[in-house]
Amino acid sequence: GGTKSASKDGAGEPLEVQINTNRVSSALTVLAENGGFNKEENIKVNLHVMNVAYADILSALSSNKVHVTTGGVGSTAPLRMMENGADFVVIGGQMGEGADIVTLPERAKEWENITAETVKGKKIGVVRTASGDIALRGALSRMGIDLSTIEYVELGNEPAIIEAIKKGELDAGNVQANLRDTAHQAGLVSALHVDKVSPNFICCRVLTRPETLKTRRSDLVHFMRAQLKAYRYLHTHQDEALALINKSIEVDEKVLRSQLFEDEHLKLEPDPTGKRVEEFYDSMKRVGYIEGKIDIKKQIDVSLYREALESLLKEEPNDPTWLKFRADYEKNNGAWS
Amino acid sequence: MKKIEFSNVSLTYDDDGTVYNALNQMNFSVEQGEFVSIIGSSGCGKSSTLSILAGLREPTEGQYLIDGKVSHGTGRNRGVVFQHYSLFPWMRADENIAFGIKQAFPETTDKEAADIAKEYLEKVGLAGFGKKYPYQLSGGMQQRTAIARTLAMQPEILLLDEPFGAIDARNRILLQDLLLEVLGKEKEKKTIVFVTHDVDEAILLSDRILFMDKKRILEEFEVPFSRPRKREEIFQSRDYINLRQSLLSCFFSGIQEKIGGEEVVL
Amino acid sequence: MKKIEFSNVSLTYDDDGTVYNALNQMNFSVEQGEFVSIIGSSGCGKSSTLSILAGLREPTEGQYLIDGKVSHGTGRNRGVVFQHYSLFPWMRADENIAFGIKQAFPETTDKEAADIAKEYLEKVGLAGFGKKYPYQLSGGMQQRTAIARTLAMQPEILLLDEPFGAIDARNRILLQDLLLEVLGKEKEKKTIVFVTHDVDEAILLSDRILFMDKKRILEEFEVPFSRPRKREEIFQSRDYINLRQSLLSCFFSGIQEKIGGEEVVL
Amino acid sequence: MTTAALEEKKRFSFSWPAVQWFIPHVLFAVLLALIFTPGADDSTPHGAFLAVLGISEAALLINRKSRALTDIMTILYLLFIAWEFGTTKADSVNLLLYPSPAKVFAIFASDWHKILDGIRSSMYLLGVGFTLALVLGVLLGILTGSVARLRDSLLPLAKVISPIPPIIYTPYAVAVLPTFEIASIFVIFSSIFWQIYIQTALSVSGIDKKLLDSAKTMNLSAPAMFFHVLWPYCLPNIMKTLPISVANAFMVLTAAEMIGATSGLGYFVRYYADFADYTRVISGIIIIGIVVSVLNYGIAELERKVVRWH
Amino acid sequence: MTTAALEEKKRFSFSWPAVQWFIPHVLFAVLLALIFTPGADDSTPHGAFLAVLGISEAALLINRKSRALTDIMTILYLLFIAWEFGTTKADSVNLLLYPSPAKVFAIFASDWHKILDGIRSSMYLLGVGFTLALVLGVLLGILTGSVARLRDSLLPLAKVISPIPPIIYTPYAVAVLPTFEIASIFVIFSSIFWQIYIQTALSVSGIDKKLLDSAKTMNLSAPAMFFHVLWPYCLPNIMKTLPISVANAFMVLTAAEMIGATSGLGYFVRYYADFADYTRVISGIIIIGIVVSVLNYGIAELERKVVRWH
């Protein structure tokens, strides 16, 4: 119990937090609330469900209707908005990885060894701005493959991509984790996990505005602490955590379980992974979604996360979860100080 | 053999269960080439009679014969002019007529139909108005066009349901004269059933007047004037004043009766 | 002092640039309590005259006086009945009348208005029909209601634009008699301008008939019958036949002229 | 005699209608037979589906004199048969996109509280948005339509604004309006407001000049003109376009309920569409269909009550 | 004399209209002054914005007799002034959500090839989808409307189907239809088909019985009845509802052009909405507004040409 460092700056003012419930990306935030960790941290959090519509979520953030966004936005739209001058700050992580190239079983081997030759002329279905798509394309580009040799077909949703692959209208499709089982049921296979070529690529991040960062910093640190605690709980009390998450993310329990615990290629973690954000920004530039004209480092503030983790380590120096995150810190965010 | 024979015709309207008996055991006949007017107060069943003759409704009971044969449905041998909606608003005057001709005689070419249409427009005094849409014509001109169209389709029988009912008094006079004139010029004499409210009109135009009430023909009047008729002469003759008086008293008796009894149907 | 005076009234319609002169230097007057009919062929400007009197249009030139004062716009002292659309289709017969009363006399309570409405419905022979919507009434009944509403609003002047123009011959007779009867019963004699196409109607109802043509009043006829009038007596009198003949020849002369000249306006 | 003749006529033509009345019941039997034939999807309990069929059959039997209902049920049963056959008896069907009827109707049983909750919260959003759009649309529409100048300048602008899809303006709604719920209501509002506004303005501007003249000669006050002439004049037309507005409102319900909602029919459908759970999506669509039908029925009844003058 | 009186009347009432005609030009001057006042967003070149203003001012001067255009421009200039003021002169405005007019119009200059391409490809999708919906909707609508029995059974079903949003059926369209393009067309098709179908059916079923009787007495063949009576009868009503259908079609254009499209106005708007690039979203919406206005103008012209009988 870390109740002793109760937050002061909000003076009991609630933190308005956006979540999404149509995939597992906000699961940690949901668990932090439903599992009582926010309460334990003595902060009041109001969750607002906003699914999918990037613009709405960012508008809610920039007009201060919510203080923090956690999911649904992915990272493409916010990074692009930052490039255009939006003052958002990445302060934490939510979900990473969780995207597959799916195709017909007999064509899976085409994705075993990726070279310029094997991907040339392929017609790949994507959902625009999906993180997995940008991660894969960025990785291919970094491998020296000319992206213009691949044909990307933007479809509105993943079921449409799945149907189009089955009909042979597409060679493959890039689908997100929550539709992976659906694709498999439809007779497709995962030919490539995008994290294989772009390890630890980011999806949804925790975003806030600099002003909030100034006025509610202590609340936000407690918010991050609750997230870390939720992460630990998720892995130490799987069944209970599942039930708590399932209260807000009302998908079939089996599906939820497979995504939360049995999927090697989907990560839920509070680490902002600043370096991965920079990499993602670079990928967006390679894909042509942005010009890359800002210094993205200035929009990332990992110090809250570090402060949260540090305080937890002080309280429980031997906790394996805290130690794991401490160990990953440098690789993800740079020097610990 | 009569041209038209109504034999014990009854008509019942069935509007989703509410049954209304509009014609009751009606009998009358019209000779070949005869001009017969049906006159009677509103709602007595004149239009119902005409719609049976036109083939738009089948009698609920009884039957009607044309040329001695029981008749069903509409047919090319009959032409109809109504008070309203006789013309298609989306066709110009000449197109309306040409369309009628093409329907009656499908083998006619467009050119021929247009020529005949022009000819009939001239006949009804509308030369030069062929390119006008109905809305651009006065009510009188519309009815002239409707008459022209119906004549151009060359029916043996002409059915007219208050064709001048919506025309003002002065133009009505012109149209009555026109009808007499145009009909006089046709090669073969048409058989005509003409529904009207106007006693003077009925006297001026017809050979015989049927007074209708209580869902059937109540009285018949022969019109004693020879043709061609001159309006002024007729209107000053003693015969006219007598016939008019008899017809009007038919009307009045109906009114008196209804006002006397409880039934007020206006 | 005349009740109504038209002094050199001209009216020009301007439809987006196309200018049409409908009334040209028109003069006439109506005495207090007089019943004047305006008769004339279609398009001669009768309705335009009435709409000026009603205050729906301002004269382009000239002016008209009511009780010796120049008048503008609509006013409570005038009541109007048109051929169509005189009733609001969404109000029941009694509601139409009560609504009129409430407009004319805003201080009336709903209860009072309903009572007066009922009284007037009785006056026009429609007791028991108050709860019907206009569409449930025949044309004649609708016009009775319209007359009742206008009378209930107690105007000094009654303007009627072919109020019986759409009513069949028989019901027309009933309505004419009704109008005479109801007007006879009113406390004060109304001043009335009545537009019609029907020569007989004009003779039967009015004290004076104005024949209108060429955008102004062309001739005037005094009607020599005393009141109360009996239809049958009038229709058999020599005066009637003469007056009718003069009026009809006014009509005819117009037609002859138009057919003789090139101008065919039907 | 006339009545006798009518009777005979009826007896004579009795045979074909009688067959017609039987068709849906025969189809019902076929459907039942099909359901109880073993097939691909026998794991799902058929209770809910059978209950739905039972209710519709009962409704048909109660209203067995309605030809329209008989025809509608004939069409529906044919659709059900095709659906049941295609999803459980035919081979190689895509059960993801095409779940069997038993599966879809089973959702009614398992998710009924969510569905009821969804109906309640959607009805709230729709009710508020619709009422606002109706009141403002009619008020402004009558005003615009009755003044030629406003009509000529505002209607072209309205026609340009009306096709903007909600996805474009929701961010502004979120930014400007105080709560997410109000933003949702605004989305529904603006999906129907323009249409009602434009239609009312056009309808008012088409009013017969004679009727207006008749009203003017009665010296009506401006409020009397508005409430006792223009408004009732427009009412039938407004009632007639209401079902289209209802359809539009439901069409944007998925967009409206993406803003901060956690329940609602649009939310339900959209939520499970995101998970590709088409069984639930289709059951949601059916619920929407039922709700829309009930609303349309209500509108028709209201129309009969309110527009009694023709 | 009459003409003289008219003249005088005109001269007398000349003053106020004259002021009216000046108002938009005064506003134009105010707007120019505002633009050249230093403000928050002076980095963006004003060329495109000034060009747009110049064109609209020229259009107004050419049609200076049109009162409607004068009024519309007055409103537009007022909006422009508010917009320019709010985004460049007022403090603390969110320039991302509310880009300045100069920025938005600058997109016209920078992205004109994309925009033209978008117009072309959207017009293609709309053209095909619209034509199909119109032809089928009218054909089936007339058929349904003229047979009471079809009307009573099919219209209630159509009213239930019409509110299904495209987001629900796109996967089915992709699955069933051979190409993405056809699926896109289908989305547009089904967004307007139902409305045209329902409206046509209602309009036909409202035809005056007397007109039908009149046609019947001419012994019309079935095709003549269809093409020369029912179809022209419906035409004015169809023309009148076309602008609403255009609005609906553009409303779903964003959904339709999500299926495999790489250009199009809906694609453009949606693409940048996904990236929350509001400058481009708004410029796209303005383009859509212009295209819709042009289409509405075309429809009005077509209506004048085709419906000449009243």
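As written, the chain order gives the labels A, B, C, D and E, with residue 1 at the start of each chain.
Criterion: a contact is a pair of C-beta atoms (placed from the backbone, for glycine too) under 8 Å apart; a residue touches a chain by one contact, two chains touch by 3 or more.
Quick caveat, the model's predicted, so the values are computed rather than measured.
Engineer: Farthest chain from subunit B, comparing Cα centres?
Structural biologist: Checked the centroid distances; the maximum from subunit B is A.
Engineer: Chain pair with the most contact pairs?
Structural biologist: D-E
Engineer: Starting from the mean Cα coordinates of subunit A and subunit E, work out the distance between those two points in Å.
Structural biologist: 40
Engineer: Indicate the whole-number Å distance between the mean C-alpha point of subunit B and the mean C-alpha point of subunit E.
Structural biologist: 49
Engineer: Using mean C-alpha positions as chain centres, tell me how far subunit D is from subunit E in Å, no decimals.
Structural biologist: The mean C-alpha positions of subunit D and subunit E differ by 25 Å.
Engineer: Scan subunit D for residues touching two or more other chains and write them down.
Structural biologist: If we look for residues of subunit D contacting two or more partner chains, we find 94, 97, 167, 171-172, 175, 270, 273, 276, 278.
Engineer: Check each residue of subunit B and list the ones that touch at least two other chains.
Structural biologist: Counting only residues that touch two or more other chains, subunit B contributes none.
Engineer: Taking each residue of subunit A in turn, which ones touch at least two of the other chains?
Structural biologist: Residue numbers touching two or more other chains: 55, 58-59, 62-63, 157, 159, 163, 166.
Engineer: Of all residues in subunit A, which touch subunit E in the complex?
Structural biologist: 54-55, 58-59, 62-63, 76-78, 80-81, 84-86, 128-129, 153-157, 159-160, 163-164, 166-167, 169, 289
Engineer: Which part of subunit B faces subunit E closely enough to touch in the complex?
Structural biologist: It comes out as residues 51, 54-56, 74-76, 78-80, 82, 84-86, 88-91, 99-100, 103-104, 133-135, 153, 159.
Engineer: Which residues of subunit D touch subunit E in the complex?
Structural biologist: Going by the criterion above, the answer is residues 67-68, 71-72, 74-75, 94, 97, 149, 152-154, 156-157, 159-165, 167-168, 171-172, 175, 194-195, 198, 202, 240, 243-244, 246-255, 269-270, 273, 276, 278, 281, 285, 288-289, 292-293, 296.
Engineer: For subunit E, which residues are in contact with subunit A within the complex?
Structural biologist: 94-97, 167, 170-171, 174-175, 179-180, 255, 258-262, 271, 273-279
Engineer: Okay, in this complex, where on subunit C does subunit B touch?
Structural biologist: Going by the criterion above, the answer is residues 41-43, 125, 138, 140-141, 144, 168-171, 173-174, 197-199, 251-252, 254-255, 264-266.
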